[in-house]
Amino acid sequence: MFGSVDDERFERGTARLDELAGAHGERAMDVVREVSPDLARYVVEFGYGDIYSRPTLDDRTRQLAAISALAAMGGAEPQLEYHIGIALNVGVNPGEIVESVVFLAPFVGFARTLNAIRSVRRVFAARGVELATE
Amino acid sequence: MFGSVDDERFERGTARLDELAGAHGERAMDVVREVSPDLARYVVEFGYGDIYSRPTLDDRTRQLAAISALAAMGGAEPQLEYHIGIALNVGVNPGEIVESVVFLAPFVGFARTLNAIRSVRRVFAARGVELATE
Amino acid sequence: MFGSVDDERFERGTARLDELAGAHGERAMDVVREVSPDLARYVVEFGYGDIYSRPTLDDRTRQLAAISALAAMGGAEPQLEYHIGIALNVGVNPGEIVESVVFLAPFVGFARTLNAIRSVRRVFAARGVELATE
Amino acid sequence: MFGSVDDERFERGTARLDELAGAHGERAMDVVREVSPDLARYVVEFGYGDIYSRPTLDDRTRQLAAISALAAMGGAEPQLEYHIGIALNVGVNPGEIVESVVFLAPFVGFARTLNAIRSVRRVFAARGVELATE
Amino acid sequence: MFGSVDDERFERGTARLDELAGAHGERAMDVVREVSPDLARYVVEFGYGDIYSRPTLDDRTRQLAAISALAAMGGAEPQLEYHIGIALNVGVNPGEIVESVVFLAPFVGFARTLNAIRSVRRVFAARGVELATE
Amino acid sequence: MFGSVDDERFERGTARLDELAGAHGERAMDVVREVSPDLARYVVEFGYGDIYSRPTLDDRTRQLAAISALAAMGGAEPQLEYHIGIALNVGVNPGEIVESVVFLAPFVGFARTLNAIRSVRRVFAARGVELATE
């Protein structure tokens, strides 16, 4: 392994990961660690220790932005679903999650948007979230 | 729900959707409706009521264009397969569908093209379409 | 031209477009109209009359989501810059715009993120926005 | 250089390139040749000698498919504009070219569609094509 | 079928395919042949007979480049996994494969990188490759 | 600004950036710093201090991988050109750079490949690199 792990960024990142994604987040990192402990460490240090610890945006706004980016990319369904889960954890209400996906339709088209709605559906089903009628 | 549904575009769109995709199309919209009735309505109104009702291109040309765009995007296999199905419904013959995917190879490369051929294969198998030897 | 223009969605969309993007928005639509009046009309009706008129998300959140999606896509710099402009118009402060782009780095990588920062830089320069030191 | 050039595929490809893109096509290949004569040869042999010489699709359909794929990809404006030019050369009328781009809007979204319309506009201006009112 | 198959490029390509991917490669081509014998032939002729037979780069470098490109694209997991397999076949050691994916993180972001690591994990599991601790 | 700058990763990253990209690299970071000093810092710390300082791959291999990924993405021409420049700096010979782009053609198609060749051409012209005949 290259580089030290016992440092401020890793600890801060681990705390943030736990706060945002709980056991699900640790499991996701464990799966990555099986192949590359260093990659998992970079995700924790840079993703959570640096970026997710910045003060300006609140977690609700961050999650709506993450969902928008991942849905727009396409082909990132595992990450999109993980972040929809975090959105629920930080108190974004289901209607807002759905709304942020619907909002993308004119930007990225119905192909990406409908795939993102499939991801929302899968996460809501797994989490027992009642699909609110609009 | 925001906005009215009983309007000319929704009716025209529903008729077009039924004409192009039959029960399969309605089922696809029902799945979307479970999460967002409004998104399903936009697909029907804008996608089918506006765009698919325009006069200039015939449905065969439209489907070959849709297949090209969705194959080129990558990561839109559900929509690509849905539109390969519509292509068969509107009388595009299987050989033309295969040909339109092969045509993409120099443009988008073999990665996207081979994934699109996998989608063609899945739809043809599900529809009992005989794979014509070229 | 296909379809009617004097309708509720077009008027609502035009009003929203004017409110969000002012003269810049109308000019953008005029350029599109030169090639396809219908496409411009769909943008106004569906983009602004339907989607941007929905009640759940506020314009600040919508713009941060739009910026995230367009930056993640790559190759959509004209639209990204247009929406950074709208973000400034609706009162998103420059620091939040920069922050939403920095936030994307772990998701989409530095290539897309640095290109998005170039777009932010261009819009801020054109608008005389002072680049706040963090 | 690797491989032989005086062969049937190269000659057929050169003839097809000339037929479709005239001097513009040869100039495009000359620019590539400056950096990689082999890459130019592959484009001529595989792109034009193999793919564009296949019998099933007519050139009009091929160009509408090429335009759809390149517009959907985004970031391929040089190739999109080149192929819009070929579309005009093979007799696709300007209204059909515009229509094929408008058709993409629900699939790929307004960001990609509006960028494609910009490309249509640039080619039409360069070619002196009158922008038909719909 | 269009074009002749008994030619130098096809034979050279078939030999290269066999050398790089063995039975797995032939099976992959057989699946494509079921839908389009011509597309399979183009892959063998152009992909393996032309490109993979060029002298300048060694197979190890080629495979690291292929893995980088396919991981960066996203949505090309079948091809990425196939080429990770070829990388193992040509003697790229597992640690280098993992390293080439980790290297991409700052360029393409963690979404694409983590999906690529999932592909590495799947191939290593299928091939019984021990996940080396870094 | 959030987080400390006087640390080991930043110094290591700055040294690596200087070694790989010289004054061009510092200028690139200065442009980013004008908008976001933190983003520039993350690029230096994570991109160069972490990733580019890892021991397993040599810089030549890293640059060929970077070029492959950035060319495959499309729409990342500024970063592709910057990294082609670094490739020249670390001793990748021009023929290998061209070869790595030609190699991509069957994977990503001629659209992305030809755009990447345009980037190679621009960098070689700016650097006075003689275009070797193959």
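Read from first to last, the chains carry the letters A, B, C, D, E and F; within each, the first residue is number 1.
By definition in this document, a residue touches a chain if its C-beta (ideal position, glycine included) is under 8 Å from a C-beta of that chain, and two chains touch if they have at least 3 such contacts.
Not measured: the values here are computed from a predicted model.
Under the touch definition stated at the top, chain A and chain F share these contacting partners: B, C, D, E. Chains that touch both chain B and chain E: A, C, D, F. A repeat of the A-F interface exists among C-D, B-E or B-C; more than half of the contact pairs are identical by residue number at B-C. Rounded to whole angstrom units, the spacing between the C-alpha centres of chain D and chain E is 28.
Rounded to a whole number, the gap between the C-alpha centres of chain E and chain F is 24 angstrom.
Residue positions 2, 38, 42-43, 46-47, 51, 54, 70, 73-75, 79, 102, 104-108, 110-112 of chain C are each in touch with at least two other chains.
Judged by the touch criterion defined above, the protein chains are all mutually in contact, each touching every other.
Contact residues of chain F toward chain E in the complex are 43, 46-47, 51, 54, 56-57, 61-62, 64-73, 79, 95-96, 99-100, 102-108. Those residues of chain C whose C-beta lies close enough to touch chain F in the complex are 74-75, 98, 101-102, 105, 110-115, 117-118, 120-121, 124, 131, 133-134.
Those residues of chain E that touch chain B in the shared complex are 1-2, 31-32, 34-39, 42-43, 47, 70, 73-76, 78-79. Across the complex, chain D meets chain A through its residues 104-112.
Only residues 2-3, 38, 42, 46, 50-51, 53-55 of chain C touch chain B when the two sit together in their complex.
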